[in-house]
Amino acid sequence: MTNNIQVTRKNPAYHLKDIQHYYGNTKVLDIDDLKIEKGSITGLIGPNGSGKSTLLKLLAFAQKPTLGQIFYKGRLELPFSSSIRSKITLLTQKPYLLKRTVFENIVYGLKIRKEKNNLEKRVAEALLNVGLDYQDFATRFWHELSGGEAQRVAMAARLILKPEVLLLDEPIASVDIESAGLIRQASLNARKNWGTTLVIASHDLQWLYSICDHQLSIFKGNIFSTGVENIITGPFEKSDQKTLIKKLEDGQIITLNAPSQTASTAIIRKKNICLALEKQSGNGHINQLSGHITSMLLEKKSETIVAAISVHDLSLIVLLSPDQINRLDLYPGKKVILYFHSHDVEWI
Amino acid sequence: MTNNIQVTRKNPAYHLKDIQHYYGNTKVLDIDDLKIEKGSITGLIGPNGSGKSTLLKLLAFAQKPTLGQIFYKGRLELPFSSSIRSKITLLTQKPYLLKRTVFENIVYGLKIRKEKNNLEKRVAEALLNVGLDYQDFATRFWHELSGGEAQRVAMAARLILKPEVLLLDEPIASVDIESAGLIRQASLNARKNWGTTLVIASHDLQWLYSICDHQLSIFKGNIFSTGVENIITGPFEKSDQKTLIKKLEDGQIITLNAPSQTASTAIIRKKNICLALEKQSGNGHINQLSGHITSMLLEKKSETIVAAISVHDLSLIVLLSPDQINRLDLYPGKKVILYFHSHDVEWI
Amino acid sequence: MDFIVAGFIKAIELLISGDRATWTAVWATIKVSTGSMLLSLGAGLPCGFVLGYFDFKGKKHLRTILDTMLALPTVFIGLAVYAFISRQGPLGELGLLFTLTGIAIGQTILAFPIVTAITATTIENIDHDLKLTLVSLGAGRRNIIATCLWEVRYGILAAAVTAYGRVLTEVGISMMVGGNIKYHTRTITTAIALETNKGLFADGIALGLVLIMIAFIVNLSLSFLRKQ
Amino acid sequence: MDFIVAGFIKAIELLISGDRATWTAVWATIKVSTGSMLLSLGAGLPCGFVLGYFDFKGKKHLRTILDTMLALPTVFIGLAVYAFISRQGPLGELGLLFTLTGIAIGQTILAFPIVTAITATTIENIDHDLKLTLVSLGAGRRNIIATCLWEVRYGILAAAVTAYGRVLTEVGISMMVGGNIKYHTRTITTAIALETNKGLFADGIALGLVLIMIAFIVNLSLSFLRKQ
Amino acid sequence: AQDNSLMMATTTSTDNTGLLDYLIPHFEKQTDIVLKWTSTGTGKALKLGQNCDVDVLLVHAPSAEKKFIEKGYGKDRRQIMYNDFIIIGPANDPAGVKGKSISDVLITIKSRQALFMSRGDDSGTHKKEKQLWQESNIPLPDKENWYVQTGQGMLATINVAQEKEGYTMTDRGTYIKYQSYKGGNAPLKILVEGDSILLNQYSVLTLDPRNCANAKYDLALQFSDWMASQNGQDLIRDFKLLGQKLFIPNAK
């Protein structure tokens, strides 16, 4: 049973226009224009409080944005619209299990949709997809589960719906490694078998890289569509009119071109950072930071390797090729030097 | 203010004897004998439902084990004993914030201990330790936080108590990378400044390796004190009287010596697995599995590198030295062969 | 003191002997309290849901009014209902005065604020995550109401049981609207009031015990709904 | 119908003119209801906590009994209290018959099951994580009780407000134990009963409005405790 | 309680008509005794006396009173005053009882199955009514549909009679009040009055100290004496409700 998924650029699954969302007087989301393609898997990356969950709630039409419009398949939609209600489902960050058995939790969505056939078989399948045994778990009560088991039951309750859009808010936050793999597989299968569009927020970059077509990076409510980038937060000191510096506690200094408007956070794109083994004599505009590699992960899609470099208490990310790794003899623990130009900075 | 921490092997912080814990008729914890040293940082690793949270609740004296005894600093203790109540604190897996402001949530434990001095300063410090700004967060209400912010507030509420024992149940489950670093630092500082003993459960091995003195691996309620090991779950097929085999979907086969008693899960210790680039002609008792490296992490304490190898849908872990990496030109993505002898298996 | 002991014996006698006056009063009580409970639950649960679930302007004031309605004296309700359904009242045509239906209407007014207030409070305490979860699973408005009420079923049960206790024991409305007419609108409580006024304290106690027995049977059957 | 309008006017008159009988009844009502609320909260909150927080054998049966106690008729309570404090009763020496203290005791028995049952249900619904969190932060038994009750304060408030409504409007106990003695134990509700008995329906309505006004003022001041 | 306070149980009629509110301040002024009273049904008033919860009784049920004394609960029954009962009904008198003798009235009502409201509460009034049926040789029509037992006070019963357009027996004082509420144009009119059997005798009873040692026998006697005194009797005679005399003093 293979479906033919057509991804037309003209009519994306989602189109967000001039979205702003406020809690009280605080703006937590500010998105000019964002399109999410049908059948794509989008990763959502960003620090705590950057607005991931808020964005997912908007995409689920569980909340109305304070300002702006959200089009789903070209149509402007609002919460509770019946045309979307049964198609889009969200796994919330703190999934709530109904005070019922696991079985009844999982079939809840089906019952709402008045589907009553083969419930047992479908539940068994959904549980299997998240690595739980039907015999062992179906009759348990909501409170008789460990944290990760509860999370996976909630995931099963979403998978059973075969949704058009599956929004996952930290689906593997308390899930073990093996189950994380299962959830990845289930997500990929959803796209393959049902053409599901997925948006997934997670702090586990390695896992996210292994599943997404592309990443959106979100910071303070602003979206960067290039995936994860290096963020350097203040405080900065003024060195002269045109430059700011950040002093690390171990004495190293980062020099950056000052922003034109007031801004407090610097973004240095990973593509602008190079890596070498030794310091070179350079001019003052080039930052040279020494640190060591803490991890090297495979980004499946591009077959490139993402390395995390610890520079005192900063953690910076660079892209490496297998070639480079062999040439420089890189491995986790190896000391390296990072280079980037002080004008290669964006401020927000 | 440096304390002199004496770690005496004779009188460990915890001593668990013949602990068994049941939920209903199901045994979820079975620990013959376990000692945790004063001032140590112990990692707790294991799949969902293996019993980590249960063990931490027992260590926190928040629950009584069904059978067995727990000694704290040589004394048999029970829940609500006043001698330990104010010394041991647990960050639960789903931290509950009281329906109050962030400030009041954080000082709650202090108020119980009738401490009333310098509350503001101490709260500001605790918030800073988890990367939250006092001005921005202190007056917020419990529901005005993102998932990760809430988690960090709960952490701050534990740190402010300067406990003798700090038990952390998945402290970074929904926390961003930078904050995970802060929490690591705060944990290390707790040990350094107050001599705190820490036990930390987490699925993020990289993070856990970077902080722990040693790891306890827990599986189906059984403790392995060697840290994380490779677990191969059934179903297995019987090949002959003495061997079981597991067939991977890609056709590869794992052969294992059969257990003497009934057992369903195989453990292959990482120290018993070797890695090479090419298959060798060997006897049938040596497993040769081909896979590729997905990640390489630095284990800080030992300066060794933990590599995760994906063998079809299994993920196996081996230890590597920098030397080995250079010699074999290893990098994430590289195809490798894993070797282990079929008798190097333990069954549980 | 002895009349309490005498009351116990009398209670058994009354029930066993099948005393007609007692049994008609028991019937009247059961009918009227069942009717008013059905009405007040039917109206109170949705109102309580709305008041607890949604945030809207003036909600707090509405709550204060509702809480005040918890203190409507039964005689007052009785008088007000009487004013409407007495022959000279606007609804006099319906002939509801001195009927069990009339009493049930009054008791519904009595029970409604109890059901509504407790339901609202219970719904208010619902985890915010529940709402989000329901919406995210595709629940429509009706599903949300039904599921939320079911999630807090113990709270709802408490609301119902409290209201039932109130309805079962009230005298003012039954007396004023029903008229305490023997064999017709005499309920157990009005009978108790009468016997007590006659100085027949033992009879009052006996009838009180009969009422408590009804409540006990009802609660015993409801207890299967409780958390195990 | 007209007596309802007349009642409104009369209510204002009564209060403005400072009618002594009315004001002593208002005082008696406030004193006695405050007393019984304090007693029933003092006893009911801890009992409700225990019943809701802990699991023990026979808990379900206890709940059924408690729910049945919600249906104790006021006259029944009145008679039972009378039996004890009548001059020939075991507590006759204390001279509590025909006193406000006597009424308050009876009303405490009336309010106790309401406070306890609703508190227990509210506590039962507490997130299991809260308990664990409190223990893990080093809370002792007292801290746990206090914090849990405070976490569910809106539920407790509902319990208190419901019980208050019940106490404020009851007649049976006040009548039986207090004796409706003018200037002494006459409460607003017994006064309403009296006026209504006399056929002075407008006066009954007026006094009812006075009672509702008391409840309104109390609830208005409590509304600051509510969720904003 | 202070020593000079006296607790009385009385029937609702003395209280509801306002007689006590008028009389007692005079008594208190002249004797320095503080009198408190609780007004209830006659049955309960006697019960309170039997249980020694009060010190003195003012009631109107002669035969019950006599039994009360016989049983050793009470003493010193002293007749104080009387008023009378009347039978009222719809102005058009559907059963045609107006002016008949009491037993004829009751027989007519029974044979015509006209609605008759009984208080059915064992009050003095109800006892009198039962006595009338008995003396007319009619068994108490307890289970008849036309015999409506309200189990309530007099005014409530009159109201039921008015709503249902039936007959009832009432004391004159309550009827006068009822009439005044209706602005003198009450739907129910007096149809039968004046028969000597309709007299309603009020008496004061003290409690037998052998049964109730704690009861304030002396003060009770003082009250009884005062009620029977010239002064007390004059005050009773002067008490008017809506311009009409209610009670006729007849102390000996």
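Read from first to last, the chains carry the letters A, B, C, D and E; within each, the first residue is number 1.
Keep this in mind: contacts are C-beta pairs under 8 Å (C-beta built on N, C-alpha and C of every residue); 3 or more make two chains touch, one makes a residue touch a chain.
A quick note: this is a predicted structure, and the numbers were derived from the prediction, not measured.
Common neighbours of chain B and chain C, listed by label, are A, D. Steps from chain A to chain E, minimised over paths through touching chains, total 2. Chain C and chain D, compared by their mean Cα positions, are separated by 17 Å. Chain B has its Cα centroid 24 Å from the Cα centroid of chain A.
Rounded to a whole number, the gap between the C-alpha centres of chain B and chain E is 87 angstrom. Separating the centre of chain C from that of chain E, both taken as means of CA atoms, is a distance of 36 Å.
Residue positions of chain B with contacts to 2 or more other chains are 94.
Across the assembly, chain E contributes residues 156 that each touch 2 or more other chains. Residue positions of chain D with contacts to 2 or more other chains are 88, 127. Contacting chain pairs (ordered by label): A-B, A-C, B-D, C-D, C-E, D-E. Those residues of chain E that touch chain C in the complex are listed here as 40-48, 120-123, 142-143, 148-152, 156, 160, 163-164.
Those residues of chain C that touch chain D in the shared complex are 1, 3-4, 60, 63-64, 67-76, 79-80, 82-84, 88-90, 113-114, 117-118, 121-122, 124-125, 127, 152, 154-155, 157-158, 161-162, 164-166, 168-169, 171-172, 176, 188-189, 192-193, 196, 201, 204-205, 208-209, 211-212, 214-216, 219-220, 222-223, 226-228. Those residues of chain D lying in contact with chain B across their complex are 127, 129-130, 132-133, 135-141, 143, 147, 151. Considering their complex, residues 57, 60, 62, 79-80, 82, 85-92, 94-96, 98-99, 108-109, 112-113, 157-158, 161, 167 of chain A touch chain C. Residue ranges on chain B touching chain A, taken from their complex, read 23, 46-49, 53, 93-94, 144-149, 152, 169-170, 173-181, 185, 203-206, 210, 292-298, 303, 305, 313, 315, 320, 322, 325-326, 329-334.
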